[in-house]
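Structures incoming, each one as structure tokens.
The same chain A turns up in both complexes below, where it pairs with chain B and then with chain C.
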Partner chain A sequence: MTRTTDNQADVPAPTAPHKDMKWIGRSVKRVEDPKLLRGLGRYIDDVVLPGMLHAVVLRSPHAHARIVSVDAERARRAPGVVAVLTGPEAAEQFGPLPDSGPAPDKHVWRVLAADKVHYVGEGVAVVVAENRYQAEDARALIDVTYDVLDPIVDPIAAAEDTGNLVHEALGTNVAYERTFTFGEVARDFADADLVVRDRLRWGRQTAHPLDTTAAIGDYDAGTGEMVVHTNSISMTWLAFGAAVALGIPSNKLDLRPYISGGSFGSKQFCWRSTVTAAMMSKITGRPVKYVEDRLDYQLNGDQHGSDRYYDVELALMRDGTFRSLKIDCVDDYGAYIQFGVGSHGNALAQVTGPYRITSTEYRVRAVLTNKTQQGAYRGFGADAGNWALERIVDKAAAELDLDPADIRRRNLIPPDAFPYHIPSGNMYDSGNYEPVLDHALQRFDYDGWRRKQEAMRAEGRKIGIGVVTANERSVYGATEFWFWFDDKDVPVKTTSTPEGVSMTVDTVGAVTVTLYSTPFWGNSSDTVAAMIAAEEFDVDPADVSVVHHGTKGGLPAAGPGGSRLTVMLAGAITGASKKIKDKLRRIAAHDMEVDEADLEWVDGGYQVRGATDSRRGIADLAMLAYLVKTALPDGEESGLAADFVYDHPHLTMPKPDRSDLGSFYPCVGHACHLVAVEVDEETGSVDILDYVAVHDSGTLVNPRSYDGQIVGGTAQGIGTALAEEMTYDAGGNPLVGTFWDYLIPTALDVPEVNFGHEETPSPITAHGIKGGGEAGRLMAPGALSAAIDDALRDHGVRVTELPATPERIVGWLQGQGG
Partner chain B sequence: MKPPPFSYHRGRTVEHAAELLRELGPSARLLAGGQSLLPMLNLRLAEPAHLVDLGSAPGLDAIRRDGDLLVVGATARQAAVENSADVRSLVPLLAEAVEHVAHPPIRHRGTVVGSIAHASAVAELPCAALALDAQLTLLSADGVRTVGAEDFFTGAFTTSARADEIVAQVAFPVTGPGTGQAWSEFSLRRGNFPVAGAGVSITVADGEIVDVAIAICGVSDRPVRARAAEAALLGSRPDPETVAAAAAASVAELTPRGAGDLAAHILPVVAAPVPAWGYRASVAKSQVRRAVTTALTRAGGVR
Partner chain C sequence: MTATHEPATGVDEIDTDPAALHPITITVNGTTHRLAVEGRRLLVDVLRQDLRLTGTHTGCDQGVCGVCTVRLDGATVRSCITLAVQADGADVRTIEGVAPDTRTLHPVQQAFWEKQGLQCGFCTPGMVLRVQEILEQNPCPTRAQVREGISSNLCRCTGYQFIVDAAVEAAERMAEGS
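What follows is the complex of A and B.
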């Protein structure tokens, strides 16, 4: 299935949605819900193993300090304590954590700090005791002597600093810097009628699932087997990374997956909890549970989102058509850079959004500071990228006095231009953007709202309307983690990011699907698997059994991330189903003594074309396959089982000089969000009066759960736009730790979202499905920013910094920037 | 986030609880609804060796009228006060303020008196108590004394009650004819502590303000009375300009505070990204204006 070629001619033309399906496209209740709603889900913290111990981590109180000594003697003697492992001790016994950043040996990332602490919250020691209370009591008895260093907090200053470094071995605080030029940027800027410039700031945020990241290590000293029960990493393809850190043969490590109360990217990998629990189990010989508390999660969870400073320039013509885009971004990665600058790969995958823009320059500087490192948060850098693009588009509209919906319409990529290659090289597989905009405008009653707005403004009310048209790339190819480096000695290859499944149809025809990556993270993997299998075998999704296999002995699987899982599972299950159905066809043909070509699959069985009385149902055929070897064709094995590994549907090679990054994120959806707000001038609060979201993510699988993605993503986007911020003071001290001050919107703060759907199938995936996992969060920040601008246009306020907190808005109104 | 070790004691009566506090000394803490104390224990911001639970002491949860006073006992839950028809009709400011405290599950455990005794500078109920000139009954092994709200709050999380004294009840004057009351606040998220809030009680006779009390939270180390604003309103025949001027005066009389101070007022220990003083003050001003306007309407005195 994988196409790893430079030849893009093999992308089929977009097709019309197929409406002849039984399950795909029907809203069904999630198969996960009955157990979750009855409290029978078994989350990781529900798991209790005999003799299990509890681990807690001592976190650094300093942003930047040398560890002079760690004295754990008092803690070791405390009641209930079984073991204490200090950072220096851990560095002797265990390897670094897997790090795909540039030059990982120069910013070595460990489960516990060994010689220096690099941010407030970094682990310095682990205490393991009979219960968590005792472990926390003993933690307070560890004496650490620090030699406190000057904190490195401001990334702009840090980029220039060569004296005070987060990692001395790196010789700089800039982990990565490069300017990419795609197309004729200089020419396009010279030809343009005008250039609009903006300076933007995207604040640091964190995804907050209901449960934090957690693991239970269970080491068998007899066999040397390590089982880790975990709600984070459990994707087979990279599990070996944990084995290396633990010093265990990769085939003796089994990461067993558990459902979780959400991830939103934040549980992507999360080596730290797995390695913490596993190493302490190896040391104590007993099962050890490590559950991050909210402070561990927020301060030492390795999953903060992008933290960016943008300079953006858009070159365009008087009639509002765009020419070229320049982006210069400083990204404050914090103390480590585990995913490299992959989040800029995400931004580059749709850097020009849904617009025709012929050239782009992209400069990125990844700066290290004494803060918690970044990880993934729903959007993984494309969230900030979309916002920056929509901000400059709004600024251009204002400068040309064009309606914000109009300027967008003028620049949308037309439907006949797909498959479309954006300047960075990524391919958009299919799209039909204008109907999405029209649908949204109509659903929102845009003209009506504009009239209402005028009337309300006449009463002195500050009413604003915001519109964004934005893309949502899906199905990442891991190439985006490597294409940054074009060292001749390290040839870059495309990386498939495969997903495997196993399927069986048992003796009585019941279907089981085995998955090899993370189960429910809020994203309904089981429902998707059940629906796709149900579509293939004509059974009810509720009757399909879905099993989650551990990593040991598993097929390649990369799990959720980059909105890939639905597409990848659909491909894999379709593939495995075909193998089984082919075998059923051979058995049926043999049994009926007809030619295979004369058979057709109808309603869960094979029949001779048009002859319903000749039908052999799946249960009859399965019975033969399992029990009646003599009824099988010669050489046919008993049973009905198939494995299928679905590779990435479309990857192409980057050019050697990186003037084109190839296609790496090809299944591209589109959305239009419209919002009306009222701003309270005195308090700066923003009230959402109306919210419309129309999305096109290709063929819809389960509209009901997709709507859930849109509401949830929009809620997170509202938090991003208005409230959530992980702030640090000038000393590098986090000012936010708990939900007291990290303000996630609640149900009371999120409006009813009025949805609409359009369906433009992908030509390159099973059933034309595209991913939709970041729906909402990629659009809401831009829409709300625009609406606030519009509400406060008489005051000349523009939102150039997120979150636009009430305090900031009042500051802008009082003329302090904005 | 587990509390440090402590021993648990159950006060059989309020007097017994007071004896326990005396016996156990300053390392003992009274436990009411636990909605402030338990998070502090879990974050290890407080490490009392003993907790004396008042929860099962009989008769303490009463909400009753006593002449010109409405008396709220030490263990009366916030939800009970919120849902009491007496409170709503006799002390509407208390009823309105308590609705703004947290969320229903927390109000079902948290007590009104516990919140007042906890004395947070941003909390609604201490501020309402101050606006209403509530009288607090302090009970210890030595006996009983009564303190007015203004003398009770002495600083951030500190009061004039000794460590071994229990606030056995708080008495609120009931409103008479011509009195309108209102609570107004702005919080960054619904159910959060306010950035600033104002509690107002105004009595109007013949179109003239004959009595007015205004208290503000969120702008100092304790709730404060806005005396200058009260003076600006008293004796006036209010119109929107007078109200706006009074709101401006309410903030002008405050002392600006630095971010570090504000953080310490608001959270017991850890730093918080508190909105800066200037913003708090401007929010306070708007809340005073809104609360005064509403109270006037309710008093039937707005024009």
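What follows is the complex of A and C.
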């Protein structure tokens, strides 16, 4: 088929991983850790401002109801209460929250419900008091009268229902629907020997970082300046969204970043806590802290994950060669759709996985129901997408009686095909997939395990082996925000996802890096920045100072998301370092009275090529730059400082008819996970006996940190596969509210992961780095599902619904579907 | 709770008014504090808000996740479901009291750093205190014993593997040091 190839010329051939680096590729102890180990992390709830008040939110007990009245008079008179703001009052004083969904004016999203509640947990009023105990006491005194409506819970029924609507103004519960056809799908299905079909269900989950989202608003009525100390949204490029909601000028708002105890996507764009704290500070004139408790996070934190119903069809030849793929997905978004269907863009970025599949049809229906809305959770839709693809591949292998590793191997994109454009148009920058598979099979001792499995099964044990080969896209592009719509309906075709840094080298040669986006969430932003800067200036990463700047006056920066931060910081810091090193070179040449071209940077200074006695070290040159203006070349400014804004490394525009979405998620890693499990037929429990993970995310920066991300992501993927689920009853009542019933894996639920690496550098990023932060969670659900199938193959059980809880497995064994 | 204490007042005199203040004495990291607290006030709030020891965190407020772990008379407890009045007369150790001085980390902390037994750091204070307790009870645990021991505490970042590495490393360091 024909693909856009006009960008391939920009993409150089991959190079071998850098082996001459001082720091990149070394497992450096993280610079963030000493303060965290001492309990001196300064998370947002550790911060106390003079005169600070505490906010709590009254949450709706109903899934769907009209607000008849809110009487807060008793609460306002309660001890310690300074202010109560009801939903109807808030709607008069503050704007809607920023909503990137289609037709946001028809499903208006507010920090507090104004006229109708749309899910259990939606905020109805905020109480602010001298302390949290008093605020919670007063909250219980607010009287709300509701007119309870029929709940809208089942998305399949809701999609057809035009009588009972989550948002009447929308006229439907389907917020978005489109079918994309990439390539000759009909022809490829007609030419195929067989078509394998599957119906799959990916259950609703949530990231549940142990530190919830929180903010402290601090409004200065004298100047009109609003400072928000926050552990969530603080990226400069879209901070104006909060200013609009708060009704203050964008240049009077400063979102100041604080470290956070985890995000996993859920803090990427998280407006609610910031706006809650800030609006109450504006009302009271005092600093106001709003910290979600666990129920606030779970029910009113806007951060549930994908909730999908799939029909999947794979067309293939009898020898196991894949031809074409059709996906029809209903996604239950809950009551709002804050990011549009962006999570399907993540799925489309690698819709055909690591396989040669020449055409694809993708239909998505985004349905609104009376549930908490979706946000982002590690993988952001590519998690479910990978699982669905790997499930149909396993079904095809079973139908053709092929080994699951073999059917994958014969369909892997070959190394000489990169850069490779998949049917949706996205480009995979580089890859060498078969060595990853071979590495994993060898590390796992696949043949040995198959023999062991037969012996153990002969003893009556239900042993299964699962294998997945799947991709991790990284570094998202902004076309993903709008390519859903026709060009005429897109007001601004955004293409920027910037990441800015400022760097200084001070008078004695010490290096500082200033970052402008969301700070440390556990993802080692400071260590990455320090290592890249240390590589450039030949200093120790522990000696690099890293600063997190607020949004006000900041360079454009988009922050973490889509496994982009390491790639983007590397690009930005490399760029800023070059500016400073170029200036150092000019100063050195001037001082030494030699031609700049004769100088080389060696071990932290410039010298005349090959002449070590002619050295000017960075500290010598910095001294001149700051203190000896007369030693500088004419016109050279004093000091050593540089800004650099790195932007997306490879973005191309979608075609007007959307038959090709362009390249938007181009830094694509690969992995193979292999797992052996034992299933207990009586209890339905799944015991993991062995787990191998081999990943290729391009050049490794800090292997130990990277492995930590892989193991941690794999643990989350195991939770996804076996235990974690946000369930609702038929009335829209959440059946899960605590860590007693939302089961995050413990140390006894996850295995020792045996991990290995391959390194195929990206040809389009600094140092060849690709993102890898989501990779573990993108693989584990498919591997576990396949292993359970294999263990229970004598019973004809297939995992078609996640999580595969003990209860579900027992049900499948008793013949209740699966 | 393993600690037992004399009540601050006689049983007959207990005031049922939630706002009534009760005098308590607690020793935290070696410093004794005399406080008057509401009967419902949580130990974690006394530590974090009254004493400004914010290394102890809260994660679930229900005693499940263990990020609020402190040691009360030597035993790890969940400070988010422990009333401050229950700690009257007790010796409390928090993460701020683990390192010997501002320049040196405790071997458990050092091993967590070396092995990257943390990512976001939010569960870390509770984990460090729990691992300390495990190693005091069993100075040379197997990996399986460490896993069982730390299964009391949730970590959402690490998948626990490097925490187990850190505990085993700490055990070795402490054996060498003793």
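What we mean here is this: the second predicted complex is superposed on the first by the 805 of 818 C-alpha atoms of A that agree within 3 Å, B and C clash if a C-alpha of one lies under 4 Å from a C-alpha of the other, contacts with A are read in each partner's own complex, and residues count from 1 in each chain.
FYI, a contact is a pair of C-beta atoms (placed from the backbone, for glycine too) under 8 Å apart; a residue touches a chain by one contact, two chains touch by 3 or more.
As the structure is a computational prediction, the values presented were derived from the model and not from experiment.
Colleague: Thinking of the overlay built on chain A, is A:456 touched by chain B (first), by chain C (second), by both, or by neither?
Modeller: Touch status of A:456: no partner.
Colleague: Looking at A:708, would you say it contacts chain B, chain C, both, or neither? Reply first, second, both or neither.
Modeller: So A:708 only meets chain C here.
Colleague: Contacts for A:136 in the overlay, against chain B (first) and chain C (second): which applies, first, second, both or neither?
Modeller: The answer is first: A:136 touches chain B but not chain C.
Colleague: Quick check on the superposed pair: does A:806 touch chain B, chain C, both, or neither? Answer first, second, both or neither.
Modeller: Once the two structures are laid over each other on A, A:806 reaches chain B alone.
Colleague: In the superposed arrangement, does A:727 touch chain B (first), chain C (second), both or neither?
Modeller: first
Colleague: One more residue to check, A:195. First (chain B), second (chain C), both or neither?
Modeller: Once the two structures are laid over each other on A, A:195 reaches no partner at all.
Colleague: Check the residue A:746 against both partner chains and state whether it touches chain B (first), chain C (second), both, or neither.
Modeller: Both partners, chain B and chain C.
Colleague: Tell me which partner touches more residues of chain A in the superposed arrangement, chain B or chain C.
Modeller: Larger number of chain A residues touched: C.
Colleague: Identify the partner contact of A:689: answer first if only chain B is touched, second if only chain C is, both if each is, neither if none is.
Modeller: In the superposed model, A:689 contacts neither chain B nor chain C.
Colleague: After superposition on the shared chain, which partner residues are touched by A:293: those of chain B (first), chain C (second), both, or neither?
Modeller: Touch status of A:293: both partners.
Colleague: Both chain B and chain C touch chain A; at which residues?
Modeller: 133, 293-294, 738, 740, 745-746, 748
Colleague: Name, in rising order, each residue of chain B that touches chain A in their complex.
Modeller: 1-5, 43-44, 186, 188-192, 195, 267, 270-273, 275-276, 279, 282-283, 285-286
Colleague: Taking the complex as given, what residues does chain A use to touch chain C?
Modeller: 27, 29-30, 32-34, 36-43, 45-46, 48, 79, 133, 207-211, 259-262, 264, 293-294, 520-524, 704-705, 707-709, 711-716, 738-740, 744-748, 750, 752-753, 776
Colleague: Quick one: which bits of chain C touch chain A in the complex? Just the residue numbers, please.
Modeller: Against chain A, the touching part of chain C is residues 19, 38, 40-41, 48, 52-62, 64-65, 67, 94-96, 98-99, 105, 109, 112-116, 118-125, 128, 143, 146-148, 150-151, 154-164.
Colleague: Quick check: in the complex, which residue numbers of chain A touch chain B?
Modeller: Checking each residue of chain A against chain B gives 132-133, 136-137, 140, 293-295, 682-685, 723, 725, 727, 729, 733, 735-738, 740-741, 743, 745-746, 748-749, 805-807, 810-811.
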